[in-house]
Amino acid sequence: MEDFLELMVSVCEAGSIYGLVALAYQIVLRPTGIINFAAGEWAAIGAFAAVSFITWWKLPLIIGLPMCILAVGLVGWLTEVIAVQPLLKRDAPELSPVLSLLGMLIIYRETVSSVYGVDNLFVPMPFGFGRVELGSIAGTSQSFFIIITVVFSFTLVWLFFERTMWGKAFQAVAINRVAAALLGINLRLVTAMSFAIGGAVAGLAGVLLAPITSVHFLMGLPLAVKGFTALVIGGVGRVEGALLGGLLLAFVEKVTIRYAPIPSGLALGAPFLLLILFLLLRPSGLLRARGEQ
Amino acid sequence: MSRVWLSWLLGIVAIVALSLILEGYVGNLYRKLLLTVALCLSFNYLFGISGQLAFSHIAFYGIGAYGVVILTYKVGLPLPLAIIGAVISCGLLSFIVAVPATRLKGFYLALATLAFAQLFNVLLLQGGDITGGPEGISGFSAKGYFGVPSSGGAYTVVIAGILIFTFAILLLLDRSWFGRACRAIRDNEAAAEAMGVNIFRTKVAAFVVTSTLSGIAGISYAFADNYINPTVFTLEPLFLLLFMIIVGGTGRHAGAILGAVVLFLAPEMLEAWIGRHYLLGFGVVMVLVILFLPSGLIGLVDRFQDRLAAHGDRQ
Amino acid sequence: MRTKYNIKWYGLFSAILLVAAGLWSATATAQDTIKVGIITDRVGNSAAWAKPIEAGLELALSEINGAGGVLGKKIELVYESDQSKPDVSATKARKLIDAGVVAILSITNSPSTQQAQTVTMNAKMVHMTPANSAGYLTTKLKNPYFFQMGPLGSTQIRTLMAYNKKNNFKRVALVKDNSGLGTYLGKIFRQSLEAGGTKVVAEQTIEIGSTDAIPQMQKVRAAKPDAIYHSGIVVSAMATFFKAYHQLGLKQPVLGSFNLSIPKYLEVIPGMMEGVAFIDAYDPDKAQSKAFAAAYKKKHGKTPFSLPAYGYDGLKVLVSAIKRAGSTNNEKLRSAMAATKGYVGVLGAKGQSVNFTKNRAGFSVDGAVVRIIKKNTHGPVVHSGTKN
């Protein structure tokens, strides 16, 4: 039983990271309809930013973390300006922004490996490494830090969307772009902001992950795939869906490895099977958006 | 003889002649180039003409390669039967994948096929004795069959033949009602349906045909170096294919050929200057093309040809 | 219709480009240097490992040329990058052959070396890998021109088992990652362990890119092994392994492959590998190693370890063969390589030498050493060879 609870902490930790990446997809996808597969690279940029600010410049976490998030938010905003806005302006076919973002994926990865090199880089654990036990629930200090930070971030984002004017504007654009424009909402600004906030969220995922796995220029793609899987599972319509999708994905992944009587190499295929299942059987995900039945 | 036949003949003669003349490093490059062009043509039909962005193309390349080698050297079938077996496997598997997958649109189809491709990779790696696992399968050759040694210029002709076969099939399909149906679905599914096109059957057929063509290219790849390994069949080569057809010009056969040739040879030729940064260059070129040159390089060539023609008219 | 023109044009266009590519890559065959081809990786999965090996090659090169080269000519290294892609590696091998190299060294991953080997075999070109550990490189293809200097996976596990003989571990766990080399080494480790009568009670794979290894290590913990053998090679997966190991309070000794001889781990997961035993091919106390380390520090400003030593010894062995052959003719060079015996380089345990006369995998079966990580540094050699 103890094992199971400990496993659940790991599920929450991994699920939080996947959920953040899924959220990054969602924030961009809902108002614009664009799937940004470069979200994984945004997370990687966040991790490299942590190397620069926290490892090399030795900034304390309280300054370093927001700086990393801002940095990737800026990258997100720039991405929109360079690779997406010109396409939206000339009414390019739907798939064009998705493809140009795939090009940006390669650009990010190669730029990062040119600047930082091909070796793995180190980011220190913000609270040291140690086993933390809360009753019969056990994990590391980083696990709980991740879970708390992610829950906090999701709450912030949820409040933003549900309780602020800007958030409502986002929702309006997500529901009907034309109507929103007619209501006076600045589509250009909403699109730019969605990329910036999406970037910031993905960057946070990278910073949280960096101390655990070290930072490497190829770390973005697996995250992109996992994040998208989490998004499909959880549903695109609601912020909570991203976190739920991430948790369910992590759950299936880890419980299969731990308890399924198959060789562990094959167990690594479970997330892909799950993705295929959801795409075929329930493509809209677990949680439906408000207003749909 | 009509001009079309004449230019086809000339093209075939040129490709075959090059297969026999070029040797060594350039010959090796040429062989890989032919395979890349074949893959680009079939991927272009799937994505550019049928509008299905699927990430499983390289997986079927691998299914063809592994299929023929396993059937010949592990199961013990004679080579011709193994080839037929591998082709049928590709056809069947792509059918099984297509039936549920073609319901998905846009990038969701890409993700479903990506998951399939990753699963294929997991199976390859865990396949133990059947697939050779991480070692791959080596030490085989197709010598003795058809009297053609599997290395050197003669085999390059075989690969060239497969490329020409692929191109011919795709061109024939494209010019028939099937091609029109595929384009109609790509442009506006609802309108296509209203006009009587069976969306489901057309999409599945396009997926199966292009994936099987990819598998056939894979069969010939297996004997190009007589070594197959899981690392060749991952996601990276697929991104490169996508780049090639977008830069060349999506939806146009000539565009696929042009993109494949340019992006395949560019790193080789520019290596002295840009070295390892050629990938960055690809990304930049791809984004620039999507932003500013949506009809691809072939669009530029068209404009050039138009200007030449207009110039000729004036005289 | 436009299309018909395009087929002709592209045929012509490609032909021109190809000829241009061919001419471009054909370097002027200057007769005043002896060219050695190096297939490396500058952008892909093996880039982080190939870089230090190149540093070792460069040191050997400067020493050889500083002493006047060989056969009266200087050595020139011609680099090609294969991005760790096997099909590209084969093409680059062909490119190097056409560029007039006398031999090729492959310093990327084993599958790439294997596919390159299919080309060098046909061209009867001497081909060597200084660092690859895959046994299939010399067994699957009957290629008398191919030589391997890296410690084979089977050698590594048997050395670890000999080291553990006194501990008499009856039940062990095996952890690997889903990389090609990690999975392959895992297979070899398991075969040897079971052949030696040890039971593998848990075998787990860590996925590259995963955020933690808790479920895998929980399964290992539940199986109550006496020791944990780790055959993985990917840094991020290794990081999650050690974190889970500590978090779950595991105390079993950990034994790793030659991959852990790379100091990068000490930087990236500091303090977490105390007491871990690993295989190395480099004994820093050997006289040759001391000389090598001094020269390396002078040239590169860093302390060397196993990887540069592979590059250094690799080139030196090749050049010694060229000298003995008295020519760069393929056949003569091959015979000279195959006759290499008793070569004591930087690599290998004290008293061991490279021997290609019995086996084209020339790293001595007793040439691997076991070292232990203490105080976040690689400690001295505590055991060598497969005898106890």
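When the chains are written out, they are named A, B and C in that same order, and each has its own residue count from 1.
The rule we apply is simple: a residue touches a chain if its C-beta (ideal position, glycine included) is under 8 Å from a C-beta of that chain, and two chains touch if they have at least 3 such contacts.
Source: prediction; values computed, not measured.
Student: Could you classify the connectivity of these chains, where an edge means two chains touch, as line, ring, star, complete or other?
Tutor: Graph shape here is complete: every pair of chains touches.
Student: What pair of chains is linked by the most C-beta contacts?
Tutor: Comparing chain pairs, contacts are most numerous for B-C.
Student: When the C-alpha atoms of subunit B and subunit C are each averaged to a single point, how far apart are the two points in Å?
Tutor: The mean C-alpha positions of subunit B and subunit C differ by 34 Å.
Student: How many angstrom between the C-alpha centroids of subunit C and subunit A?
Tutor: 36
Student: Could you pull out the residues of subunit A that touch at least 2 other chains?
Tutor: Correct list: 221, 263, 265, 268.
Student: Can you list every residue of subunit B that touches 2 or more other chains, as numbers and ranges?
Tutor: Subunit B, residues with two or more chain partners: 122, 125, 279.
Student: At which residue positions does subunit C touch at least two other chains?
Tutor: Where subunit C meets two or more other chains at a single residue, that happens at 42-43, 178, 183.
Student: Which residues of subunit A touch subunit B in their complex?
Tutor: Residues 35, 37, 82-83, 86-87, 92, 94-96, 98-100, 102-107, 110-111, 114, 221, 225, 228-229, 232, 263, 265-266, 268-269, 272-273, 275-276, 279-280, 283.
Student: Within their complex, state which residues of subunit B touch subunit C.
Tutor: Residues 3-4, 7-8, 10-11, 14-15, 18, 22, 24-30, 32-33, 122, 125, 133-136, 138-139, 151, 221, 225-227, 229-232, 236, 253-254, 257-258, 261, 265, 268-269, 272, 275-276, 279, 301-302, 305.
Student: Which part of subunit C faces subunit A closely enough to touch in the complex?
Tutor: Interface residues on the subunit C side: 42-43, 45, 47-48, 51, 178, 183, 203-205, 207-212, 214-216, 218-219, 222, 235-236, 239-240, 243, 246-249, 264, 267-270, 272.
Student: So in the complex, which bits of subunit C are touching subunit B?
Tutor: 1-8, 10-15, 17-22, 24-25, 42-43, 81, 84-87, 90-91, 94-95, 97-99, 109-112, 114-115, 118-119, 122, 134, 136, 140-142, 178-181, 183-184, 187
Student: So in the complex, which bits of subunit B are touching subunit A?
Tutor: 53, 100-101, 103-104, 106-108, 111-112, 114-116, 118-119, 122-123, 125-126, 235, 239, 242-243, 246, 277, 279-280, 282-284, 286-287, 290-292, 294
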